[in-house]
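Everything below concerns the one structure shown next.
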Amino acid sequence: MTATLERLPLLVRDWITGFFPEPVRWLVSGLLAIVAILAVFGLYFAYLTLAERKFLGRFQNRPGPNRTGPFGLLQPFADAVKALTKEDIVPQAADKLLHFLAPCLVVAFGLISFAVIPFGRYLIPVDLDAAVLYFFAAGVSSELALFMAGWASHNKYSMISAMRALAQLISYELPLLLAVVPVIMLSGTLSTSKIVVAQGGWTFGIIPHWNVLTPWGFAGFFIFMIAAVAETNRSPFDLPEAESELIAGHLTEYSGFKYALFFMAEYFGMSALCGLGVTLFLGGWQAPIDILQVVPSYVWFMVKLSCVIFCLMWVRATLLRLRIDQLTRLAWKFLVPLGLINLGNAAFWHLSADWSGPLQIVRWAISAAVIVIPFVLIGRTLSSGLAPRTYRYAT
Amino acid sequence: MLGSGIIKGLAVTAKNFVGSFHDPERLPTVEYPEKRLTLPEAYRSFPFLVFDGENAIDGLRCVACKMCENECPPQCIYIIPERDEKGRPVKKPKVFDIDLSVCMGCQICVEVCPFDSIKMDQVFEVAATNRFEGLIAHREMLAKSNTYYHQIRPTEAAEVDTRLAEEKRLAEEKAKAAAAAKAAAAAKAAAAPKPVATTAPASATAPAAAPASPAKPAVAAPSPSPSSSSSAAAPMAAAPKPPATTP
Amino acid sequence: MTTLQLCLVISSLLFCIGLVGALSRSHTILVLLGIELMLNAANMNFIAFWRFGASPTAATGVLFAIFSIAVAAAEAAVGLALVIAVYRHQKSVRLEEANRLKG
Amino acid sequence: MNLILVLIGGLMLTAAAVAMSLRNIIHSALLLIGSWLGVSFFYLWAGAEFVAFAQVLVYVGAVSMVVLFAVLLTRRDRQDVVVAPETRTRAISALLVGGSVAGLLVSAVLGTPLATGPAETPTLTVKDLGTLLAGPQAAGLLIAGVILTVALLGAVVLAATDSGKEDAS
Amino acid sequence: MQNEPTSSAPGLAGTPANSSFDILHSPLGSPQQGASVREVNDPFHGDLLEVSMGPHHPSTHGVFRMVATLDGEIIVKLKPVFGYLHRNHEKLGENTTYLASMPYTDRLDYLAGMTNNWAYALAVEKLSGQVATERAEYVRVIVGEMMRIVNHCCLVGFLFNDLGTSFTPLLYAFREREKFLDLFEELTGTRMMYNYQRFGGCRVDPTPEWLAKAKALIDGFPRFLDEYEQFLTGNEIMLARTQGVGRLSPELAINAGITGPVLRATGVGYDIRKVDGYGVYPRFDFRVPIGDHGDTYDRYMMRILEMRESVKILQQAFRDLPAGPIIDPKAKNRGLRPKAGEAYGRIEGPKGEIGFYLISDGSTNPYRYRVRPPSFINLTVLEDMCLGHSVADAVVILGSIDIVLGEVDR
């Protein structure tokens, strides 16, 4: 039963490809994977927007959208209809070709990252040997599209936003990669599916061997998530579309469906990066407890992904936006040094893999200290001179 | 340590998130068209005109004294007094318009009205399809019954009714005295070939309660639509009000 | 024409496009981009020889390409930093105007 | 097999040629990114997966960003991105040089009997590459790293403003 | 820490050059406004970009416009442009009776109508020699301090919105503000346009139930403040974004006539409640918080601390509220004809000194009617505070001044 459920998507695929002659089956199965990703993540995106609005509402003591359909469940479709029926305004002075191309590219780049994410034990669209590299190669291109949008709009706010997008990309690409390198180092592969497999197994059947449950893995996950939030331009790093400063940044001159495409790309990008985070640090599709393996792996993946995205929404509901210089400073003076130290930490972890008994505790202590002490020290210099103040009163 | 402030903030939002599911204090939204807050009695939106009795236009307390029109800060009230066929003003508004797009709901008209005839409404769902004509409220739209006034502002309306009843009582006493004193004159005047109206009221208006009312004769008798109550109360100067029948 | 030859022809053409660009344009950034194209053409050759050459198992071509890409990145960074530095002094990015050694 | 190669090559060459002849420098840069993507497709087609992704990462992700930044930083006006047309003599001479070099190269390529190896794609996993880089080629890797670091520092020094009014960060 | 100017140079020095197109021409702007920005005295280097922020900008708090000249993202010149909401308020005041001006004052600073009412009533009372009853003075303090809390709730909420939160702090603050507005609605009939004060007293007497409700609300308010402070006051990003940003020196503040929390944040302990001691304020025990740095963080904290002091005043006022008439029975409101003369009534509004200057020529209308709007005068130092900071800081500094365009443009 479990095995059937686990293989269900594959069985469906085989059943469908069975209708086609042998020579084109590979094409059909490839197309099916694309269609499945588009359908699943299209729907996921639609309900993610609703969930974000509902959760944000709850964080802000209001119910969120609840009028369109029961509990507002039809809201995404109402939004889609609205976006499609709105007039598509292109400024007269805009670079029309780029203005059109930018939203298309941003969605396309957002989508191709999904190709290497293992959604389940048997569900990986393309099992590349250099999958992690592929992911980043695909991911960096999306900021290019943001730049195109900002440039093509021929608007000063959009232009400033494009510059910010570029600066942000350059700054945060490095910590993102630095956070990933320890994982690659310890699992000895760039293939996402093998990285997930490497995180299999449980101690006593309840403690999973996920990377996040090691000191270096936790630090790596921490750095990765901060950098991922910055890469996807979400609050508190939403500088390119800083509403209170740049109106809507690169989106200022977009309307209707093109605007919706940017919106979609943001959520795709967020899902993809969080998916990678889940894959690299949270054990991918692995079940958290041994006995819970009866639940199919893809369910676990989606559950973990949703949890991570919920945390991003939580952060969005709480934090305020950094300034561009603080943003770059955070990347270069905090995340990059921490990432480098964490690399050494992971190396130590790798070398001390055969320590056992009481040495195991020593190993944990050293590893934790190696990451906590720099965190405190660098954090102190970063926030030097900033503290809540006490006030006096006039007599 | 760096991040402690952020974590505290996250804790607060988490508390509010959880609280919004069980604590009404943290989910104060009222889903408006289905559920409504009860408006406090003092709530005010736009003015309306109180009428007594059944007939909206005849029962209006308003005597077209134009006090509110003069005092209205944005000057959104427009009044034309009624005139009888001889062109003499009758104590009725012929036109009483309030431009709701101009009115700012300050209720100064209510304060200055000596006849308790203009009051603040509580209808806040005002919409019109035409922003010029549609938002001008005419006499017919503005006239609302004393019963309605009692519904929206029970305590205030009760106070007003008591006060009016008291004034009416005083006015009646005065009118009786006046009538007794002038009985002879009245009889004499009746002999003269004059139309009905002018005589008896002419004497009665003198002790009018309202100082600023343009004390002119002719209350209701010659008006084209004489209602029973007003003709009966013709000697009364302080507008035709029946005793507080509706509390 | 073998596949290897086709690859080489394509890469030579790419090289020449880069060359023409670098020679004909006077905008410094465009010149740099032309040089980048030429570098890419060279890289293509490494891969082509690795793939279709006599001993593909050696992987030297791939390694060379990787190093070359790394160096190209460095070259672009330094080159563009130079462009910015020149612009700051000359207020121009035209090559003809950047003809003094001292700002 | 070769059809795909011709397609990739056509895409790459057209993009590069158009990029080099456009007057709007932003369009040029974006088209060149297209051309670099074409090169990475070629690597993919040739089976050098790792190089292809590295190409995208470095060129599309980094070099293009730096180029765009440089373009934006070196203009006073929006019109500045449209560069003036080149002088005719310059263009013609460049074309002549380029054409002759192309002729030379192509005839050399076509005229030389090149030894070709086996037809099947050589297998080269990332792991193999890693072992090679960390083992026999470690010196090269180190030197490349040093060059990159020095270049980075040099670029920072060159591009940093010396007004002294700004934070060193 | 004391007075070093924070250098907030972002990674983008000398970014996009000025665009040749000029999107917005203000109808009110001077002719040279759209002129080339290269005329700007350039202290740094590189190319400047002129950005017109507003009047349709999400964080200019209404129809305010800032013409900012940027070097990269650093502001080298900033020109405030206002007047988009000009409604002829002062001329209207000269053409209506004294009483009819009262509802108009609500519309000046529409987030704090009650204090406008109060200042105007004070001015007319001085002019006409009327005195408010004792109970009315206490009620004025109660509604005035509640208004201060309402206003500061708004301010901190909007300030955080300018800082880039996704509305959460704003909505928390508004949640509390609504409770006060409910009370105001119950007392005066509307939530924002109160028209409550009269010459010689107040229009309506608060009922005992109302007072009990208000007292309960005030007693619970510090709990909300504690939670709110826990939420964001210690937040590192908040500290980094506000501390050292938009410094105002006490000298400049005094010279420019700045009042209210913006002045007190610079360390000048000037509060008209203490200085003038109008109404019954001398009877209350409260303190005036002052800051040491005059930056955005101090301005924010001034508001928080003032809310706490307001709570203290309110508790004392509820305790001491005397019985008696709410309005002097002999008070003359309608048809008021003060003797010829002049009067200036001022109070400490939530945003600073709100004052009304009236000259009477003995008729029913004032001969001259002039408003001293605190936020308009506080706005004059905007450029001085913004220079050298980035665009992102400019909106925050603007938010921390606490302007309401209804009052700025009048």
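Note that the chains take the letters A, B, C, D and E in the order they are written out, and that residue 1 is the start of every chain.
Note that a residue touches a chain if its C-beta (ideal position, glycine included) is under 8 Å from a C-beta of that chain, and two chains touch if they have at least 3 such contacts.
In this text, all values refer to a predicted model and were calculated from it rather than measured experimentally.
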Steps in the shortest chain-to-chain touch route ending at chain D and beginning at chain B: 2
Comparison of C-D and B-E (more C-beta pairs in contact): C-D
Most remote chain, CA-based centroid, reference being chain B: C
Chain centre separation in whole Å, for chain D relative to chain C (CA means): 6
CA centroid of chain A to CA centroid of chain E, Å: 42
Euclidean distance of C-alpha centroids - chain D vs chain E, Å: 57
For chain A paired with chain B, centre-to-centre distance based on mean C-alpha positions, whole Å: 64
Multi-chain contact sites of chain A, meaning residues that touch two or more partners: 59-62, 154, 163, 317-319, 325, 328, 383
Touching two or more other chains - residues of chain D: 50, 54, 62, 69, 72-73, 76, 78, 161, 167, 169
Residues of chain E engaged with two or more neighbouring chains: 8-9, 11, 15-16, 19, 21, 45, 168, 172, 175, 231-239
Interfacial residue positions of chain D with respect to chain C in the complex: 1-2, 5-6, 9, 12-13, 16-17, 19-20, 25, 28-29, 32, 35-36, 39, 42-43, 46-48, 50-51, 54-55, 58-59, 62-63, 66-67, 69-71, 73-74, 76, 83, 86, 90-91, 93-95, 97-99, 101-102, 105-106, 109-110, 114-118, 121-122, 124, 128-129, 132-133, 137, 140, 144, 147-148, 150-152, 154-156, 158-159, 161
In the complex, chain E residues that touch chain B: 96-97, 99-104, 106-107, 168, 172, 175, 178, 182, 185-190, 193, 195, 203-204, 227, 230-239, 333-334
Chain E-facing residues of chain A, complex: 56, 59-62, 93, 154-157, 159-160, 163-164, 167, 171, 235-236, 238-239, 242-247, 316-326, 328, 383, 385-389, 391-395
Residues of chain E that touch chain A when the two form their complex: 1, 8-12, 15-16, 19, 21, 23, 49, 51, 57-59, 70, 73, 160-168, 171-172, 175, 231-241, 243-244, 264, 269-271, 274, 287-293, 297-298, 301, 305, 390-393, 395
Contact set on chain D toward chain A in their complex: 26-27, 30, 33, 49-50, 53-54, 56-57, 60-62, 64-65, 68-69, 72, 78, 125-127, 167, 169
